[in-house]
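Just passing along the structure, written as structure tokens.
Residue numbering begins at 1 within each chain, and the chains themselves are lettered A, B and C in the order written.
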């Protein structure tokens, strides 16, 4: 379903990687590894269509993502380095407004349920600026609980999380894969995602990864 | 099949364009010099003295070409910007940024010579005439473009942002010109009229035309030189620039 | 479509309400700048009346400049802008929503303050009405055109100053027709022509500007 061929990334004057190719089918997860600065985040942003690739192309269901536009974006869930959490809003308002912007309906009960699963129920009505780093990350990840879009692109989802939350997120990703979804993620921790058909990609080791 | 073509433009075009521009530049300089000498000879030696304005009018041989060029260059810049956005050619972004300083220079020259002309003619350095005001705003637009490109580090982003600004500018220029003219007709009490005597001597027209051609050739020559510099700067890590510089040493 | 625009407006208004100090600061900036002019040029009523349209309009442009840098900067910093750019609806629609919200928060207060400040300048009833009306019609154009500049200077060194450099020249037609409408009323010509041109600019500004703005945002996110 998701297919990348011969991707090249140039940042400023440095070539971060070249010749990156992979193919990911429903139910599979791509686990992206590499040192700091090897271009993991850049690759994820390319897969979302935020950054254009210097060369190579990315196809979703056989068609280039640049041509698909809205059709591709409506199947994509991206979680970036930054949390995309508004400090002025409460966790509840945050996940509901991000669902609305993604043109999904998330009623208050479902939203509260998501927050409960991530242990934020007692903070649901507190502006996010009073939350800790880890709690903010959880508020961002709460989006995943009821997320039904097919392709998840997650940049360091486990950062700043405690062991219980890591396990919970892994469970969510596993359930998503079992529904036939796809996931691409980067992480520095080794995390076991249940029931995942795992593919790995090393960036920066050599140019012809995988 | 379309991919190799794009790659050719993306990667090979500076390689072929750089030496081509190098060969063309001397020719444009020569043409600029020839047209310039001819135009100025006609303008300063042969053209008759103006009945109303005396000798002072002769500044139009620089003033009018400068105004024309400042407007024309903005259009060319917007054209390159559009090409660059539509087809993602690197060369066109470089062309736009190479043209901007020349356009700004002509806009400035036009204002400066306008002021020099205005002092003896109307007794004041500056009047809020529609044409002068529009030219001033055009200069602002050029400065905005140059400042925006200068403050973005990544050259590709600078090209794209500049291109968007140039296109927005080119849509706005007619609106601005129209609004300034409107404003001017409303506020013009007993101020001066800039329209010259309707029958300009044929020789004057020729002089002005030649001077315009000289400015035009100069713009091309200087823009090509600037493009070459930009190319070297941006591609200094590529093999062809390294080889080129190694040869020179 | 309307639904998603409304969602963006709602979100931005809610955020603005949680940060009211910013709105109030921009309003006081407008009041102070306008009040400085009589101190600078003297309190003679006839002269003030002549200056009023220009002064109020220029102050409105400057007050708008004050709020523009934050139009996209906050969303850019916390990653929300990426989410907006990846949302299924066209980015230009989201921008349109943000422009409308910006006008409600930064433009509309200026319109509401204008009659009060006009009284300071000894404007008569009809001129005062036309001044307010011209701001009501013209300020949406300021938000729309300003959004282009805000997107182009997003994350750029010295963004605020650069933004003024890019946007203020583009504001000139709005200034001319806006202030001109009041002038025309004062001189007995009637403001209709000015106001309809101003309306055309506002429509163009609000509905055309989101497209280049969206393009500039995508460039900024690369």
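Throughout what follows, contacts are C-beta pairs under 8 Å (C-beta built on N, C-alpha and C of every residue); 3 or more make two chains touch, one makes a residue touch a chain.
Not measured: the values here are computed from a predicted model.
Chain C has its Cα centroid nearest to the centroid of all protein Cα atoms in the structure. Note: the chain lying farthest from chain A is B, by mean C-alpha position. Spacing of chain A relative to chain C, judged by their CA centroids, is 37 angstrom. The centroid of the Cα atoms in chain B and the matching centroid in chain C are 32 Å apart. Averaged C-alpha coordinates give centres for chain A and chain B that are 48 Å from one another. The set of chain C residues touching two or more other chains comprises 222. Partner chain C is touched in their complex by these residues of chain B: 85, 137, 140-141, 143-144, 147-148, 151-152, 156-157, 160-161, 164-165, 167-169, 171-172, 175-176, 178-180, 182-183, 186.
Across the interface of their complex, chain A is touched by residues 4, 7-8, 11, 14-15, 18-19, 77-80, 82-90, 94, 218, 221-222 of chain C. Contact residues on chain A toward chain C in their complex (touch as defined above): 48-52, 70, 73-74, 76, 78, 80-89, 93, 97-98, 100-103, 127. Looking at the complex, you find that chain C touches chain B at residues 148, 152-153, 156-158, 162, 165-166, 168-170, 172-173, 176-177, 180, 183-184, 197, 201, 208, 212, 215-216, 219-220, 222.
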